[in-house]
Structures are given as C-alpha cells and as structure tokens.
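Scroll down for the structure; my scribbles are underneath it.
Lettered A, B, C and D in written order, each chain numbered from 1.
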Amino acid sequence: MNFGSDNLSGASQQVMDTLLEANNGYAAGYGDDEWSKQAVDEIRRVFEKDDLEAFFVTTGTVANCLSLACLVRPWQSIICNGTAHLATDESTAPEFLTGGARVVPIIHQDGKLSARHIEEHMESIEDDCPHNSEVAAVSITQSNEIGLAYSIEEIQAISKVCKRFNLKLHMDGARFTNALVSQGCTAAELTWKAGVDVLSFGASKCGALCAEAVIFFDKKLSTDFIHHRKRSGQLVSKGRMFGAQFVGWLRDDHWLELARHANEQAALLTTELNQIDDIEIAWSAEANQLFVVMPKALAEQLRAAGAKFYNWDQQALPPHLTLADDQCFVRLVCSFASLDQDREALLDNIRHYTNKMTASS
Amino acid sequence: MNFGSDNLSGASQQVMDTLLEANNGYAAGYGDDEWSKQAVDEIRRVFEKDDLEAFFVTTGTVANCLSLACLVRPWQSIICNGTAHLATDESTAPEFLTGGARVVPIIHQDGKLSARHIEEHMESIEDDCPHNSEVAAVSITQSNEIGLAYSIEEIQAISKVCKRFNLKLHMDGARFTNALVSQGCTAAELTWKAGVDVLSFGASKCGALCAEAVIFFDKKLSTDFIHHRKRSGQLVSKGRMFGAQFVGWLRDDHWLELARHANEQAALLTTELNQIDDIEIAWSAEANQLFVVMPKALAEQLRAAGAKFYNWDQQALPPHLTLADDQCFVRLVCSFASLDQDREALLDNIRHYTNKMTASS
Amino acid sequence: MNFGSDNLSGASQQVMDTLLEANNGYAAGYGDDEWSKQAVDEIRRVFEKDDLEAFFVTTGTVANCLSLACLVRPWQSIICNGTAHLATDESTAPEFLTGGARVVPIIHQDGKLSARHIEEHMESIEDDCPHNSEVAAVSITQSNEIGLAYSIEEIQAISKVCKRFNLKLHMDGARFTNALVSQGCTAAELTWKAGVDVLSFGASKCGALCAEAVIFFDKKLSTDFIHHRKRSGQLVSKGRMFGAQFVGWLRDDHWLELARHANEQAALLTTELNQIDDIEIAWSAEANQLFVVMPKALAEQLRAAGAKFYNWDQQALPPHLTLADDQCFVRLVCSFASLDQDREALLDNIRHYTNKMTASS
Amino acid sequence: MNFGSDNLSGASQQVMDTLLEANNGYAAGYGDDEWSKQAVDEIRRVFEKDDLEAFFVTTGTVANCLSLACLVRPWQSIICNGTAHLATDESTAPEFLTGGARVVPIIHQDGKLSARHIEEHMESIEDDCPHNSEVAAVSITQSNEIGLAYSIEEIQAISKVCKRFNLKLHMDGARFTNALVSQGCTAAELTWKAGVDVLSFGASKCGALCAEAVIFFDKKLSTDFIHHRKRSGQLVSKGRMFGAQFVGWLRDDHWLELARHANEQAALLTTELNQIDDIEIAWSAEANQLFVVMPKALAEQLRAAGAKFYNWDQQALPPHLTLADDQCFVRLVCSFASLDQDREALLDNIRHYTNKMTASS
C-alpha cells in the first residue's frame, strides 16, 4: 500500500533491459555516445520538432534550475506558483544554480497558476531598474504539485501574458507524461505549440531510474547550457546511462503506457474515495496524484496497517476546505508500478476503520 | 520643496568639517587609521557596549546583505516585511552577497512586521531538511519603509519569537536615528538590550555623505565579516573617510539633533496636512517620512510648481484605504536639511490648489 | 583496441546485477533506502572506520568540489598539482561549487605533488589577511592524472606539512582503487591513517556506471555536506541507484579484483612497449595509465587501424623528455574491461608499423 | 618620510574643495545628479571619445572585478601577470564578483606581462570545451605593481594577440595617471587607440579620497554593468560624491599635475639611491614606485627613524637579483603629496647609516 511518492518505485523492466543492453562494450563519454544521440532523436520524434535541443541531467531540481539559468540573468526573477517544487522543495538551488536570481512564488488558493494571476502580478509591480529585480520568466508545473494538469488553452493564455511582458515560459515536467495522457493531446501541442520555451522533461518519476532531460524548443536559448551543466558537476562521464534509459522509456509508447496506468489508478482511487463519507476529496486526480482530507485517527490506523502516504502542507488546501482539529490533509500518489491489490487493500482498510468509527460514534 | 528622499541632501556642515580635518596628512589604509578607531569608540560609547564590533561600508544595501551573510548560510532564509528595502529595492544583492540565501517577504497590511506575523509564519512551515530552506534570521527596518518605528516592547516581542525558533535578529537601520529620537530611549535599549543581534547603522540618509556601519552586538557573529567585506570590494583604502564622517556625525549629539529636526518637520507636515480635506494621511510620520493619499491633479500641480516627492507602491496602503482612480499615494520625506520655508511653500501650494478645486467643483 | 579512458567501459556484471536486484519494489527516496545504508556500512568496513560519514553523488567533479566546499570558506584557496583534474578538467566547477574559493595549481615537472612542493609554496607566500586568499586545503589525486600513485610515506609527509600550516587534506580518488592495489596496503592505511581528511571515492571509472562517494573520515567536517549536495541538485531521488552500485562493487573484494586487472594490463603494456625502440615510456604505469612518446606517424597509423587513445598535454612530460616535431605524447588507459587480445592487437600493430618505418629509413 | 603607499595620503585640496562645493543643496540620487554627469563628460573629453560609457564605484577591486564581470562569463578565465593586484591582493573578489570566473596568473620574471607571454600561454593550452575554462580576457596593470609602465607599442602588441585569440583587454589603471605622464602621450593613445576595451580608471591613489571609474570604450560591453554594480552594493545613493571628486580632479589638468609630481619624486629618489653603494635598484621608477634591495639593518634603522615603507614579495625580484640573508626587498612609493623634505630626510638617514656601516666593517 505504497502511495508515498512516484519516486519510491524502481525503473520499469523495459528501461532496465535497455540499460543492461547499453552497458555492453565501449561507448564514447560525456554524452557523445550513440545511445544519447538516439535518445535525443527519440525526443525530437515524440515532440515533433527536429531542431529542438535536449540535454540530460540527474535530478529534477537541476533540470529546473539549469533551464532557468539559461532564461534569466542573475539579477532577474522567476514567477511561479506558491506550491511549486521550485519554490518549496529545492532548498536554495534556484538561487545557487542561476547565479543568484530570485524565485517569486505567487500565493493564491486556485490550485493552478493562471494567466490572470501572472497578469495581475506583473501589473502590480513597478519597474525601477536597477533597484528592483526584473521578472524575466514564468515557471509552471505540469502536472502540478497538487495533481492538477494545465490544458492547452490555459498554457496558451499564460504564454500570451508572457509574451506581453517579455517573459520566457518554463515548464517543470517532472510529471509531464501524466499530464500528457490526461490531456489527450500530443506532446507538441502541450508544449512548444502552446508557447512553452523550455521543458524539464522528467523520466525518473515516471518509469526511469535516474534520467531527466532539459528540452529547449528554441535552440538559441540553449547556448550556455553545456557550461552550466559542466560547472555544476552534471556532465556524467558514462552518458549512455541517460541515453539508454530515455531510449528504453520512449520506445513503442512505453512512457505513455506507464503514465496511463498511474493516472488510471489515481482516477479509480478518486472515485472510490468519493464514496467514503469520512473522506473529502480536496483535489481530484487530474494526473497521478490526489489529495484528500481524512480523520487523523484514520490516517494513523492506515499507517499502522502498512500504508505509506505523506501529510501535506495545509496552504495547498482548496478555498472551500478548512481542517478540523481531528483532520489531516494527505497526498496519495500512484505510479506506473501501482497495483490494483494495493489500492483495494487501502480501500478495504479505510472501509473497515470508518465503519468502526461510525459504529462507535 | 524637496520631499523626495533623505538621500537627496548632502552631508551636514559638521560632518564635512570633520572630513576636511581628517583629510590632512598621512593615515593608515584600509580602516587601520585613527579616525576609524575613534569612530568605533564613539559607536561603543553611544550604544553603551564596549565589546561590540563595528565595520564600515559604503551603502545600506551592503550593510544589510553583509550583515545577513554573517547570520545565515547560503541554504537558509531570511524573513522580512513585504515592504522591506531588502526585499524590494536591493535587486538580487541579498542573494548575491549572502552566497545564495533566500529572502522571504511576509505580505500583510499592518505596516510593521510583528512578533505575531513571524510566529504564524514559523508555525505554518514544515521543516523538511534539506529539501526546504530553513529560516535562520529575521530582518526588521527601524524606522521602516512607511515611516513607522518599532517600540522597545515590539522589538522585545520579536526577539522572543526569534529565540523560540532559533532565529537571529537583524535591524536595517538606514533611518535608525529617526526611530531613536521618536522612541525617546537610548540606542542600547532600542537594539541589543531588546534582543537585536546586528544593526545596519546608517549615517548616509541622516547627515553623512557616504557612511554606513555594521554593528555586531555579539562579537562572535562578526568573525567572517572582514572576508565578506573584502571580497565584495567594500574595503575602502582611505578608510579615514568613513571614520571621519562617523566621528563628526556622532560627536556632541549632532546625529540626534539632525534626526530630531527631520522628525519635527515630518510631524509638522502631518499635522498640517491633516487639516486639508482633500488629503488623507495614510501613515503618519512616526519618524521622518509620511505617506498620504491625494488627488492626482493636485500632485501634478505641486510638481509643476517645483515640489519633489515620489509616488509609492499601493501595496503599502493601510487596510482602511483604497485609491480612487483620480487619487495617488505619495511619500513625503523630511531630512536634517529640510527648511520651514519649503514645508510652508508646499502647504501654501496645496491650499491654493485645493481651494481652486473646491471652488470649481 | 580501446585505451582512451577507463570511463569508456560500462559497469561490471556484478555491479549491474546488484542494480537490477535493487530495482525491484519500493524503496525510500533520497538515500534513506536500505541499499544506501548498506553501502555506507560496506564503506565503513573496507576503510575500517565505524564513525566515518559517506555520501553519494553522480560525478567525480561534484565529489571533489563538494568535498572542498566543506573544507574551505569562499575566500580561501586550495593547493593542487598543476596537472590535477580539479585544476584542468572541471571547468570553473571548483569556484562555483565552493561558493568562490580559489584553486592554486603548483606547476612543477616532478609527476607528483610532494610535501616539499607544498612546503616551499607555503613558505613563499605572505599572509596579508584579508587582502590575500588564505590557503586552507591541499588536494592530491590518487592515483594521479599521469598514472602515478602516492605511497603511504609520501602521504604522511604531505599530511605533516598540512598540519604544520593548518591545511585540510583532500584526496581525489577517481582512481583510488588502482592506487590501492598498486600500493599493496589497506584502504585505511592509504587514507585516514596517513592523514587524509576527505576522500572522493570513485567507482565510475573502476567498474560502476555512475557512482561516486565522498568519505569524511572526520565526521565533524561533514556537517554542511547535505546542504551543499541538495542545493547543487545532487540529491538523487531513487538513491538506491548509488547504494546498489556500491554494494555490488565492494562485495567480495570485487572492486579490488577489477582494479588489479586494470593495473596488470597497464603493467604488461609498459613492459611490452619498453621493448619497442621508437617508443619512449614517459611515465610507467604505477596504476592503470601509462604515458608514452611515439612518432606522430605511428599514432596516426594505429588510429587508422582502430586504436583509441588521447594525445596529452606536453606540460605533463617528465623533465628528461622533450618532443621532437615528429613525435607526440599520448596516454594509454587500461580498465577492468581491457582484454589481452586488445593489448596484443595494439602491440602487433605497433611492431608492424615500426618495422616498416625502420625498413624504409 | 612616508613612502608606504599612495593611498596613505588624503585627497588634494582641489578635489576636497569641489566635494565641499557639491555638498550644498539637493541633488538627484544614485548617480543621476549633475556632478556625476559632468564627470562623465570630463572623462569623455580627456579620453577624446564621446560614446564611451563611464560608471563610478568605490574601490579599485570592484572596478577591476565588475569590469571583468562584463567581459567574461562565469565559466571563462582571465589571464594576468603573476604580480597583478587582481591575482594577489583582492582576496577572491574576482571569482565572487564575476560569478565564478577564474584568474590565471602567468608567472615569469620579466616585470611586465608581454604579448609574447600571452601568446605562448594561449598556444600551450588546449581547447577541450566544456571541460576546460576558456580564456576570454587579459588584464594588464598600468602602471603596474612593480612600478613599470607599458608603452603604446607594448599595448598594441598585446591587443593584437588578444584579437587573434578573441580575448577582451582590460587595463587596471589604479595608477593609470602615473603611467600616462610617464609615457608622454594622450589618454586616448594609451588606451582605446591601442586596443584597450575597458579601463579601471583610479583616482583614489592619485589625489581623490574615494573615487574609481570604470570606462567602457565600447558601449556595447557595458550593458550589464548597472546590474552588477547594484547587486554588489556599489550604487552609492549620494552619487555626487563621485561626480564632484572626478570633476575636481580632472579639471584644468589637475590630475596630470598630481601624477607628474609623484613621478618626479620617484625619479629623483631612483637617481639618488643609485648613488648609494649598499642599495641596489631592483626596478627603477617608470611611474611613482621604485623597488630596491637594501641591508636589513638599514631598513630597520630607517624605520626606527620614522620612515614608512613595505617589504615586498621576493617573487617580484628581477631575474638578475637574489637576496642575501642580510638583505631585504622593499617598495618605495611617492604620491602627489610627497615632499622634497621627506625624500631628503630619507636620503640623509640612509647616508648616515650606510656610512656608519661602512666605517664599522
């Protein structure tokens, strides 16, 4: 009953098989190997863009921060959602890896950062150069930290505001694939065709072991990337490691199948939990994560029974919900590896305990 | 009629005379001169603490940021008021000069950052080390960016919260002297006796030409300062420049007289503007700045008549005020050099125009 | 005939098998998994020190630079050999990842940085704090960039000088295992017992895919490491990846066998090339690398025949050798995967071409 | 008898008078005042270039490092002389203020860094991007740290090499004026006409109190400067301080007269010391500094008699000289304020002691 995070699973069999295959024999170092080249080709294929540039790094934090290092100067700022991983879970990596730029989280209760939020923020600030730090980029997470996915239209609207204010648009796609299958469109439509400049394309949470790509849809923005990557110690010598994982993951729609499975498990869980009186769905799963409010006693009993899941920051609660003293706000994450039997076991336990609670009250 | 900023005046005569005197002959470089030593002695005297450490730098931005560089590590955060100079007017100097630490502005509409604001913030965040950036310091501005001064009791309360959460307390004292004469207490009572760890002690806005001190009330916190100052290029070779300005400024209560004059001018202006129907006092002068709401047409006419003052960020409006479309929010600053005749001229102009407006309506 | 670098091979079978095994099921993230814990235990066992601290990162560059970030402050300096990877092949990662510290390469022609070199350097510099950057650490490479290994006695002598001048001693052990089997002593004797404070313990070049450890023999020095690692984006989510590789690599002396094989191949190559008139051994293999001077024509023909090896920087030539215009200086590296047949094929080709050259001259 | 440094004198009377004059009344802040504008105009006039850009900062260290921050990226390197202030006396400010770039001192014994030194260095290094840090700029000091001045021809030759290797040319002109009067040419000829891209134009050592300018002869290179200056805390609020000093200093050839006096004093001292048997001139004064070897006993006696001067780093000795155990290497600096009587007093003392030494031997 592990619903803790999608990074608690290993890699898929197909990814590991490809890694094993790639491990044989000699290969050029530092990403000049055939596997890495093939991986870039695969990325170009699935994003339908021959002139994009893609680079590989080890973590989502680095993918995000080095992306942004190419979009802003050290005296500029990046707008993001108040709940963004960039703002809350990457220590001061954004400041460090961009050479000193500022992350400005916009606090609101709407779940997703919208074009309107950005517009209002940009209109409210005054430009007093060089005293202020000028905003130069927006970062949105797709699917985001509370399990919501941006539609093509929402991204287009954000991109329009970005263009008006001369901001670059970065997408943190640690769970991009989950958003993609949820939106039922092409990867191109959900990114560069809608105005995204750079994508952190995460495989680690979605079926790989340790593989993240940074995709520059506009090649010109990528000039400095190899220097940033090298001097932050992210130029891995046996680069085939990344290449093989991406090749194995992208081959034959494997990545989409893995994400589809995770999303389906989360959707089922949403439907099923909706039936339980003591549980309120805070944010339904639009991708592979859902957030619910449940009695603290229940959470405790589930954990005692072996279930894994995290309590979540109350600031991410939707506006219509507040926590009672005996309630807690928790996140449930499904992954490519989630099993029906685990979901069912969780539900059985919930029903068991909530019945007991009802009976005793 | 210059009410633009207290840094638009030059230095006081006494400061310039001391500078001229110090300019004669040879003196040791890099702050090892007698004037600098005497200035540190004067600071120890006025703050009644023999074992404090004081260093000189050229700007308030550097004083703030290098203070904080000694209080937090590059992966930690600093809490401050949403209107703090540190957060709004120092570009990304805080990030840069601390080696990458984060400034977290707390947004509210109460004018001053209170112990309660800090407590609520600290209680709302979760400690998930090393993923989060741990809060390690609080910075308050005394007197602050909207002209309010913290009382001893308010600082004590903040210090108490800081101690509870293991936070260092920094005071941005670009206008410390204005706060000091407004509170009618000793410099010691308003700083280290109330729990302040480090003070940016500004002379530039209060009668000097270019002289800021960083005062460590706890010597142990100051160990790294000389290295930070050197490598940020702030170790001025003819250090007597700072020493002489501080000696001239602190001698014979000169600094207090200068601040008293500035505050009195601002208090008179508050009282007088309170009589004018078309003007609403947003924040009364508790030190040397006041903030008012006035008709845009009036502001325009005053400027046409030669008055200087700045429009201010509406986010600093008190909760009970909102701007009508034909109104603007402006800041009026008095300095040691403000003249009765300028204040009177401003008022005459205001009365003239508001009468005309009333007549024509 | 691949003698290009030891990072052109994949991982050993045993390492990959362990990785595959570890990939199954759920595991805690960010290094809190059982594999990572077991790997740290294995490191404590092979270094015979229960209270050492070990952390995992992805590249040798990061291992070196984050080690040093824990040993020096941003205004201090690190001494190293003029040929050190740290100084020549890590871009400006040392400056970046230490927050601005300086790398001072000592240029000489002795192959290894000796206690005497360090002592002479330290005696030649003046301490004019804070104007100068104070030297605070020494970094030596074991085995080093021209294939030489430091003996226990040499390290002890260096450590003695370090203690005299209050310098911390870092060892870049990207090829530590090759040095270890060459010296025929224990890992403890070659590191902490001889005075090494921190070791970059490299597995990637010696049989792993992507796994480096930073070992702090003195736990107190490691306090900041987790923060440096996090904010440089090196905290990999599926940490079992590192744990499994290290467990597979260290188990049953596997790491030593791999290194022994590489060294033997290099030793055989040295002996065999010594027989060839046209080839001069510049630096014999004390570990798994050797450096030779050969006719440019020969190098060209070998490459045409499929041999892989790099030309090397002439500044690394030993004092008794200079290059003629028709000569080149090349590096030959053996790895755990080097085959007898490749070495023999290289020699056959060399004999073939050198005979032809002799015949035609 | 103060020959310690040219920063031990105060400012000239004319500079102080202008500062006093500028202190009156209100002036715009942050360098938008009339004095600063006039100062830039004066700089354009004396350098005969209407489209140059000039900015003011407080120290030579900042002038150098922020100049270079505009010429190189954080992953690039700067070549300079082994004795350069940039490399030896600015702590790690170059690394810090450039965001991480590397300073590469070229060690030689020729006194000045020559076109040939740079060429040899550039030809000796291999370009292995992104592993190496690419050299992107050269910094030369005019007049330099051992009192030598570059001729127009020497600068032209250096510029030619720079262009060949695509390097920007920076000049550290903390004592530029001393070089200028020594070369007897125009400021334009000695800088941009000879190929200098950016000049740190120092007034502090040459008659001002605290005033340094950064001059970009090519405006396009200056785009980022205001941001670097702001976020390193160098945007002084009462900017007229710099403007007034520069106006007073540049007006009516005052700056040249001050430098001429300093150089003449140093030249006389060279000639006079040349007559003394026990003293060897190591480097004659080509500007306002000279370096001599003298008996340690003599240096001690001179200091006992009140003379001020510094011992210097032996690595700056010319190749034909080595120090005996009873000798020391010292620097003697003359400034605009040096008096004939002090020079004569020094010589009298020297003659007195050397006669005694001769008599007693």
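FYI, contacts are C-beta pairs under 8 Å (C-beta built on N, C-alpha and C of every residue); 3 or more make two chains touch, one makes a residue touch a chain.
Note that this is a predicted model, so its numbers are computed, not measured.
Listed by label, the chains touching chain A and chain D alike are B, C.
Averaging C-alpha coordinates per chain and comparing to chain A, the farthest chain turns out to be D. Note: centroid distance chain B to chain D, computed from Cα atoms, is 36 Å.
Rounded to whole angstrom, the centroid-to-centroid distance between chain B and chain C, based on C-alpha atoms, equals 53 Å. Chain A and chain B have CA centres that are 42 Å apart.
Contact of a single residue of chain C with at least two other chains is seen at positions 74-75, 90-92, 96, 100, 130-131, 227, 230-231, 235. Residues of chain B touching chain C in their complex: 73-75, 99-100, 129-131, 224, 226-231, 235. Those residues of chain A whose C-beta lies close enough to touch chain C in the complex are 2, 4-5, 7-11, 16, 20, 22-29, 57-62, 65-66, 90-93, 96-97, 204-205, 209-210, 227, 230-238, 240-241, 308, 337. Chain D makes touch with chain C in their complex at residues 74-77, 88-92, 95-96, 100-103, 107, 124, 126, 128, 130-133, 313-315.
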